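Below, each structure is written out as structure tokens.
In the two complexes that follow, chain A is the common piece, with chain B as its partner first and chain C second.
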Partner chain A sequence: MASEGKTPLLQVENLKKQFHVRSRGARDIRLLRAVDGVSLHLEAGETLGIVGESGCGKSTLARLTVGLLQPSEGRVLIDGGDIWEPGAAGRERRRKFQMVFQNPSGSMNPRRTVGASVAEPLQAKGVRNTAEAVERMLTLVGLDPALATRKPHQLSGGQQQRASIARALIADPAIVVHDESIASLDISLQAQILNLLLDLQEDLGTSYLFISHDLAAVQAISHRVIVMYLGEVVEASAAEEFSGRPLHPYSVALRNATLLPDPAHERARGDTALRGDVPSPMNPPSGCRFHTRCPLATDLCAQQKPLLRDAGRGHLVACHYAEAGAGEVATQEGAL
Partner chain B sequence: MSTPPVLRVRDLTTRFHTSHGTVTAVNGVSFDVARGETLGLVGESGSGKSVTAMSVLRLVAKPGRIVGGRVELNGTDLLTLNEEEMRQRRGSECGMVFQNPMTALNPAFSVGWQMREALTAHERGNGTAGRIHAALADVGMPDPERQAASFPHQMSGGMRQRVVIAMGMINEPQLLIADEPTTALDVTIQAQVLDLMKNLTRDHGTALLLITHNMGVVAKMCDRVAVMYAGEIVEEAPVDELFGNSRHPYTRGLLRSIPRADRPRQKTPTLPGSPPDMSRLPAGCRFRDRCVFADDRCENHPDLLAVGARHKARCWKTQNGETLDETALSQEVPHGV
Partner chain C sequence: MSTAPSAPLPKTRLRRPYLLDQLLRHKGGAFGLAIMALFILLALFGRMVAPYDPNANDYLNLLSAPSAQHWFGTDELGRDTLSRVIDGSRIAVAVAFLSVSIAMAIGVLIGVISGYFGGMVDSVLNRSQDVLFAFPTLLLAIILVAVLGPGLFNASLAIAIVYSPRFARIARASALSIKTSEYLDAARLAGVNTPTILVRHILPNVMPPVIVLAALSMSTAQLAYASLSFLGLGVSPPQADWGSMLSKGRDFITIAPWLVIWPTVALVMLMLAFNVLGDAIRDVLDPSHSSSKSTDTLT
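Moving on, here comes the complex of A and B:
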């Protein structure tokens, strides 16, 4: 997918991760394909938004990308070099990442003060005097620097989340992976953090992988967007193109189910939940993995797996009926 | 109103004594939630929403302490019950969905086992397993039978959140407190879960206290909304009134920060400044330093008073019938941080 001749900053090639799951009592061990052949690339100074159903493998993909998990198959390349290359080279590449975890306790040590955790990436770089930088970073994420002396459990959910954002940004990393990094902040703070990320990107050329369930936030920060469903990429496009014309029926369902801050509109709205059971990644449906819940599905969809193809203007989609689908489902809902 | 509310909170005050001073996280908070009603609790991060919820169920951990007020559930003041009486009510009469699912789930036990524990004793029996699987299927869990046997660390963030929601609702409580229940869910699953909560309030008369930052969720779910800032409720209004005619400058600023999907990679306005240090609160209106409308009156602390039908605000200006001129707000928008 990378542009001709140029090596992208980050390249993920056909990444797969399987977990072996044994259910209690049962003797069989089954394979759960959490991430099932994902490829993507990210340039310096670019933001790639990732959306998708809960449980579709976004956090697993994030952990594989930053090198917290070893892939079952596939590669993660930084400037063309594998992050799992043995020795210093691989270690050096894995250091280019910072990650903001979905659960803020993932990055904050419960026994250390918030200030100490935030300072850590700077110290790892050999910086001795971190106090000033910590204070500046906490202020930038809207936290009172006085909170630096507290332990994480003495902070509210959103305060912890901002502290982990501060920690991720403090040492000017090349790539920051955000896993639902702003979901538990009030909307004014969400906007403040998004603005901060845009500023840092402009000044330092930072790249972001931005995982979120909030389409508006993804739109506000991303250059490109990919949509995942059951471990696979089902749509990839420039952000602007995607907001105007989501093509995959799952993407259209996402857009139509997005709630608007308008009580009268929300009361009038019909049922927007998708029909059908959520399929299991241990036993994914045949053909198109979305066919069990798709309003457009035909027999073809149950039999033949749609490949990711260019539907024009570099807009990739994996659906047999994408072009027909986008318009039809949208007018059905009469949305946006 | 003829029937008394399910939940009636009066002057609730909760403090944390820390080595850096006393934080009054919840400061004289009062509100009601009626049978079948949904009250939204929104507001600044760190303003005391979760501590309010935890205080209602008396789950505030040390060094936190409820220092005053009343929390009446169907007329009984929960703050006067002994620990055992309180524990029983928590299981049966009030359900709680915690902001961080990991604090509510024990990593050492399977999800199904924990859900069984959550069922009140007299509800357990032959049909228990089926009931647990149905509750998991209701919240959109794939493969519920298998998932009941899995452990929290084997689940995605949103799957854990759905388990906690299912646990909170499984006894069909009279009061359900849900703290940011859908932050880890995609919008299609969110719709399913919210519909389920709506059905519980409608069919079972459950009173729902819903804490959320998502204004779309507020619009869909809430009958009334209370807005918190620095430990206090600063505005309370029916939901249409709050979105259409908010009477507190903080609420106005908050609503202006809603991102717009139709404007890619553009900055959204934010509230200038930051909230006060909760251990060193300024005299007067707590929003004063950030308020574009502030004047001399605001050096005194305003009460939460009626500014319209069923509409209260804690602002000198609107209490005196003055309007909040939106143009003043837009001039103040800082770009960048």
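Moving on, here comes the complex of A and C:
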């Protein structure tokens, strides 16, 4: 939360995206609110982590942010300018984003060489001779530049993901969005890639929007963390503050669901697992959207929607009983 | 995972020579290629190999049975059947390649555009292709030839139009799946413009199934042309042509069966070659097949 008056690099204002869904056989078209009023900001050189379980709108938010999808409502501003401004200005702003995708094998054209794929963003900018830049970039992400002549399927998953990162960074983007970019890698590779991302950020000063369902990975790489549930932000905080004191009951549940190689933790987390699935975003629950699965829910939660409020030290949370939730974590830790 | 192996990696060479190489290693592929090459050579240089002028009459040998003089016998005008079968391969091969090339060009263009752009464009193009698809193949071809007039090019064009919807379907389906792929998102994010995306990313990935269909279609396209020619809608009479040879020979089927046997054998062999080759191409282009082979060459 270091925005003292100046405009942040990236500002997302009240972003909404609705999809019209017609289920098979049904006559009526229903509205699916994938992202429902999300606001966030990102400073230069900073990493913002976004966590939430499958179906909470993380990927839609990623695609909205980079301009692959047009929002139904709200704005995405980069250096204060709307990315959907008509004409060259908007197009120029959308080019400041790059993305690293979840599936490393699907994120490069299987019929082109790795080098050609990595060079693409530079070529699109009109750079003719890209060979040198590709070589430099591949070396930077820890790949043998000779791999540039290979086809993607001749690379391992980790190499493919490194190549994707090289492509994302080659044209010097302001912001790289990672949409579950490490989810399909095994755990030791995840750690390698996370370290690589941290090193690259130090060298190049790129900002990351790091989207994942893996709370541990998000905490390891992010300066600030946002928790999403059913298309809404339920908690936003600095990463350290968040890991010490998650306030929203959903964040607490997420944290307790994180597996740790520690029997004491395993015993203590006992009964806190969330029951049931995420409710349908076509028919979200009344009041607080989490009340159907929340251990602290009361009648108030079913009726009145909690707004994001500051719970101290810039820690935002949308829960009527956030402090009680934090208390629960404390007692659990006391039991260890 | 950590890289920089001591020895430089060998550069892999893929693409066309690779495809040919793989086809020659494939049993069916080698067989199909051999037969097809034979027919293409006959089509190009048949006139030099043929024992007689295909249109010359030998009035001393009318409807004569196969003999040392006329290996495949002669027809009712004393023309040498072997020479005419060889000469007919020119038409058969030309029609197969011409009609399928045109069908592929029309179909892929329509399919890629409707698949990639979707919406209204897709609906309009798709419906019009469905209308074409609903007609029985040969009937539509006959109608089109009736409108365009007979002849080699017109018959090929008619067959191409009839065959284009199947290419459009395959191309559209591939384009649809590629459209939502992550590498296309990556290309859009990189700021690559739409024509470049179509040519660089969509087209190359649409082509493998299209090429397989093309090889398989050559066989049926050729048969469709033989049918048109049988009905008198192919090239004009003096030119030897398998379909018209069959049509003429039918009148003498009881006394001179060689007049229908040899063109049929040629027709079937060429169709077989196209079919086997099509299957071989499908095997070779299958990613799992090619990846296992290419790792062989790497180690």
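In the analysis below, the second predicted complex is superposed on the first by the 274 of 336 C-alpha atoms of A that agree within 3 Å, B and C clash if a C-alpha of one lies under 4 Å from a C-alpha of the other, contacts with A are read in each partner's own complex, and residues count from 1 in each chain.
Here is the rule we go by: a contact is a pair of C-beta atoms (placed from the backbone, for glycine too) under 8 Å apart; a residue touches a chain by one contact, two chains touch by 3 or more.
Only a predicted model underlies this, so the values are computations on that prediction, with no experimental measurement involved.
Shared-chain residue A:72: touches no atom of chain B or chain C.
In the superposition on chain A, A:103 makes contact with both chain B and chain C. In the superposed model, more residues of chain A are touched by B than by the other of chain B and chain C.
In the superposition on chain A, contact of A:140 is made with chain B only, not with chain C.
Look at A:223: by the touch rule set out above, it reaches chain B but stays clear of chain C. In the superposed pair of complexes, A:196 makes contact with chain B only, with no contact to chain C.
When the shared chain is aligned, chain B and chain C each come close enough to touch A:154. Of the two partner chains placed around the shared chain by superposition, neither chain B nor chain C is touched by A:39.
Touch criterion not met for A:7: it reaches neither chain B nor chain C. Contacts of A:124 after superposition on the shared chain: chain C is touched, whereas chain B is not.
According to the touch criterion, the shared surface of chain A, contacted by chain B in one complex and chain C in the other, consists of residues 102-103, 142-144, 146, 149-150, 154, 156, 158-159, 189, 192. Looking at the complex, you find that chain C touches chain A at residues 1-5, 8-9, 11-12, 14, 181-183, 185-193, 200-201, 204-205, 287, 291, 294-295, 298. Chain A meets chain B in the complex at residues 19, 21, 23-26, 51-55, 58-59, 102-103, 105, 139-140, 142-144, 146, 149-150, 154-159, 162, 180, 183-192, 194-196, 198-199, 213-217, 219-223, 239-240, 243, 253-254, 257-267, 269, 271-274, 277-283. Taken together, the chain B residues at the contact with chain A in this complex read 16, 18, 20, 42-46, 50-51, 99-100, 102, 110, 137, 140-143, 146, 149-150, 154-159, 162, 180, 183-192, 195, 213-220, 222, 239-240, 243, 253-255, 257-271, 274-275, 277, 335-337. Those residues of chain A whose C-beta lies close enough to touch chain C in the complex are 63, 66-68, 91, 94-95, 97-99, 101-103, 106-112, 117, 120-121, 123-125, 142-144, 146-147, 149-151, 153-154, 156, 158-159, 164, 167, 171, 189, 192.
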